[in-house]
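Lettered A, B and C in written order, each chain numbered from 1.
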């Protein structure tokens, strides 16, 4: 039993790493613009398809597709920003519907271009086991976990130390005041979308390298990212990481202790519980949602 | 004046002309019935959005609950189909009680919290095998019955039932909207605090709108179950039951009464008859394009846009702002 | 010289239908299949087989011309019902169709109401035939898959098995049937249902490894699930496991090509070995026609589609000869079918099921698929005990 639980904690931790990568971009844009980008999961998905295209057409290692995925994801991110910023009124809700629409467009575009078939990497070495005592994982899982930790740390450093990062935080806490301080809020918001795109592109390559992709995946990635953002609370990078690992571990433990049939249910229930009981999330700054 | 002419005309067309003109064409008739099912949900969704100020991304939750309850009470308890449909609606309203805590949440949080409920209900329907038949679902759900010698189980019969349901809901919606509470509810969008001062219990009113919207969606879901005679969790709680009504309501104009209805019929039939043949795989892309275009260029929807263009709107009765007046 | 001859033959073949249709009786055959949506791939695969079946029938029966009318049901039950109704209004004599029990159920209900024969190979659910519809027929039920899976385990002498299955409809049902069959054979069975959206199977496989300590893993799911399960198993390497066995969409050339590192020694249901070797004249004709039309090797979907079209076309011809076609005699004629087809014996019982149906089990070996069960159909020796890791 101990071995089972240890392994499920480890599995949950590793899944949490890739969840964090997906959720961070959503949380960043949410923090800056109070906009939930419901097309975020599709951005991740299209990055994953770029990795597939590179591997399938040019027979290169999917990791080398990251630059292409980066360009595609950032391009989508900028287009989403451009469209969202044109919304004239009630931006909070209308942006939700607009990005929902963009998500539908991207999902169906993927379906039209690549059909409903499943795809995953066949590059050698990615799925080789790595054994650490009683803990087992694939090489790619562990690799991307480390990569995501590095990215989280980099993002945290960027937000707290760099000029742009501070500008992002300033715009997120008070847009008008930031403007008076000489920060161009538009440029800052574009930057936050682009950073979300960068994170999405790495997440996409990671998903293609460790799991299986298909067009319908995007929406469920967005839902998961949103759940984690809520668990974290707005504006907390470590919160997103903890939230992501928490979801990963809760899912894995549900499988180990009961059954995988209800693992989505426990995730959703946790989400609603936090939403109702801790309106600011686990780590959020004090801000009401009601 | 125009309304007085339009409504009887509409009723004559819907009950007198359409059934006879299309009776021979089952295919078009079943597309029309499916469009009206979407219209019913779109209306319920728009009611919650317009009067309750809440955008939901999980109406599939109520649709599924209504359809399952109606199917189960007819098959296990022998309740007559029409009564069971009302029970289905009531069951969806009861399920909405679980959603009550979400009323405290603001816009996006509420929208996605309801989505979580839709997921949870679907998993519960899969897991409670003894009642719901689990993933295998329920086959052979009774069709609409024969009443006074008329077979409502036929295509035209089904059409008459769903048209009546949708029209009744529209009537209820219109009544509420033009009542004192309707004004209070819409005033709430602008300032919740102000309405509280005036003495309107906003949370209670919002809760009532949620129940009503859930009830309507549940009844329509129940109708669909008896129409298609089959249910399974993936189908009953499919995200399509959320997506299509949202597209229809946004396209038509969710702050108007006619918008969601016209939107549903136009969007669904055009998609089925035109886009499906143009883009066989992935034609739903058009829904995304529609949503984007409407939000960016005509956030009020098609009906107010047309009204403005055609000068339907007469100056009196405060019709200037499409957000506050739209019987027009 | 040879190529000129070939051109002349081709020209004659082109002209031949034109000449013969003048006096050929035309029959409309409806096809309702998911050509788009989540089931698009299997729907299109089945349609390819049906098209080949109709083409071969028309070639052999110049006096009868069956014309296929296809409507896409978009993987949606409501659209499937609408499609059946549209086909009925166009005057088809029967409907060949359907993939997924959830779509076949309502669609065949609608066909039954319209008094049209509905023939399918795409739904294994027991509830379909439990309805006892007069006009419903299917060539392959869940029982044929259970028999194959349990039969293979029995031949291997497996004493304990862990069944890992998706909570979707067809998979849950088959998993329960296999569990029942294995328990009846005194084997220890552990059940592991999983949510269709999960991607990390390690926690499940770890339970198999540490708690169940089973001799075999039975996977009942779909392609993405197989990939996830096999990857998890490759990482955890449960030592007690001697065989990994799946069902549909697993022992296919596509899986062998896409996942060469995962598939070795994995078993799955397979009607055909790969490269496809047809021994009978009929099989060869099918494979040739298929390759000519679609420029690829036929797969199991095409094979099932071909058989369901073949049975219907033959029955239409017989009913027409007796003059009962217009009077609803087609269902009786289909029920009289006794055929040895590409998928084995076909004869329908009163509920429209084909109790003679039995799947075969194939094993991935060196990028090829070898039929290893039942013994009389085997094309090679089974590697056992053997696992992909």
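Everything that follows uses one rule, which is that a residue touches a chain if its C-beta (ideal position, glycine included) is under 8 Å from a C-beta of that chain, and two chains touch if they have at least 3 such contacts.
A quick note: this is a predicted structure, and the numbers were derived from the prediction, not measured.
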A-C or A-B - the one linked by more C-beta pairs in contact: A-B
Chain separated most widely from chain A, comparing mean CA positions: C
Geometric centre distance via CA averages, chain C-chain A, whole Å: 38
Centroid distance [mean C-alpha coordinates] between chain B and chain A, Å: 32
Set of chain B residues in contact with two or more other chains: 123, 126, 281-283
In chain A, residues with contacts to at least two other chains: 115-116, 261-262, 264
Multi-chain contact sites of chain C, meaning residues that touch two or more partners: 37, 40, 167, 195
Partner chain A, residues of chain C touching it in the complex: 37-38, 40-41, 167, 192-195, 197-200, 202-204, 206-207, 210-211, 223-224, 227-228, 231, 234-237, 258-262
List of chain A residues in touch with chain C within their complex: 3-4, 7-8, 11, 14-15, 115-120, 122, 124, 127, 129, 136-138, 211-212, 214, 216, 220, 251-252, 255-256, 259-264
Residue numbers on chain B that touch chain A, as the complex places them: 55, 57, 101-102, 104-109, 111-113, 115-117, 119-120, 123-124, 126-127, 239, 243, 246, 250, 279, 281-285, 287-292, 295-296, 299
Touching residues on chain B, where the partner in the complex is chain C: 24-27, 30-31, 34, 123, 126, 134-137, 139-140, 155, 224, 228-230, 232, 234-235, 240, 276, 280-283
Footprint of chain B on chain A - complex, ascending: 36, 83, 86-90, 92-94, 96-98, 100-106, 108-109, 111-112, 115-116, 219, 223, 226-227, 230, 261-262, 264-265, 268-269, 271-272, 275-276, 279, 288-290
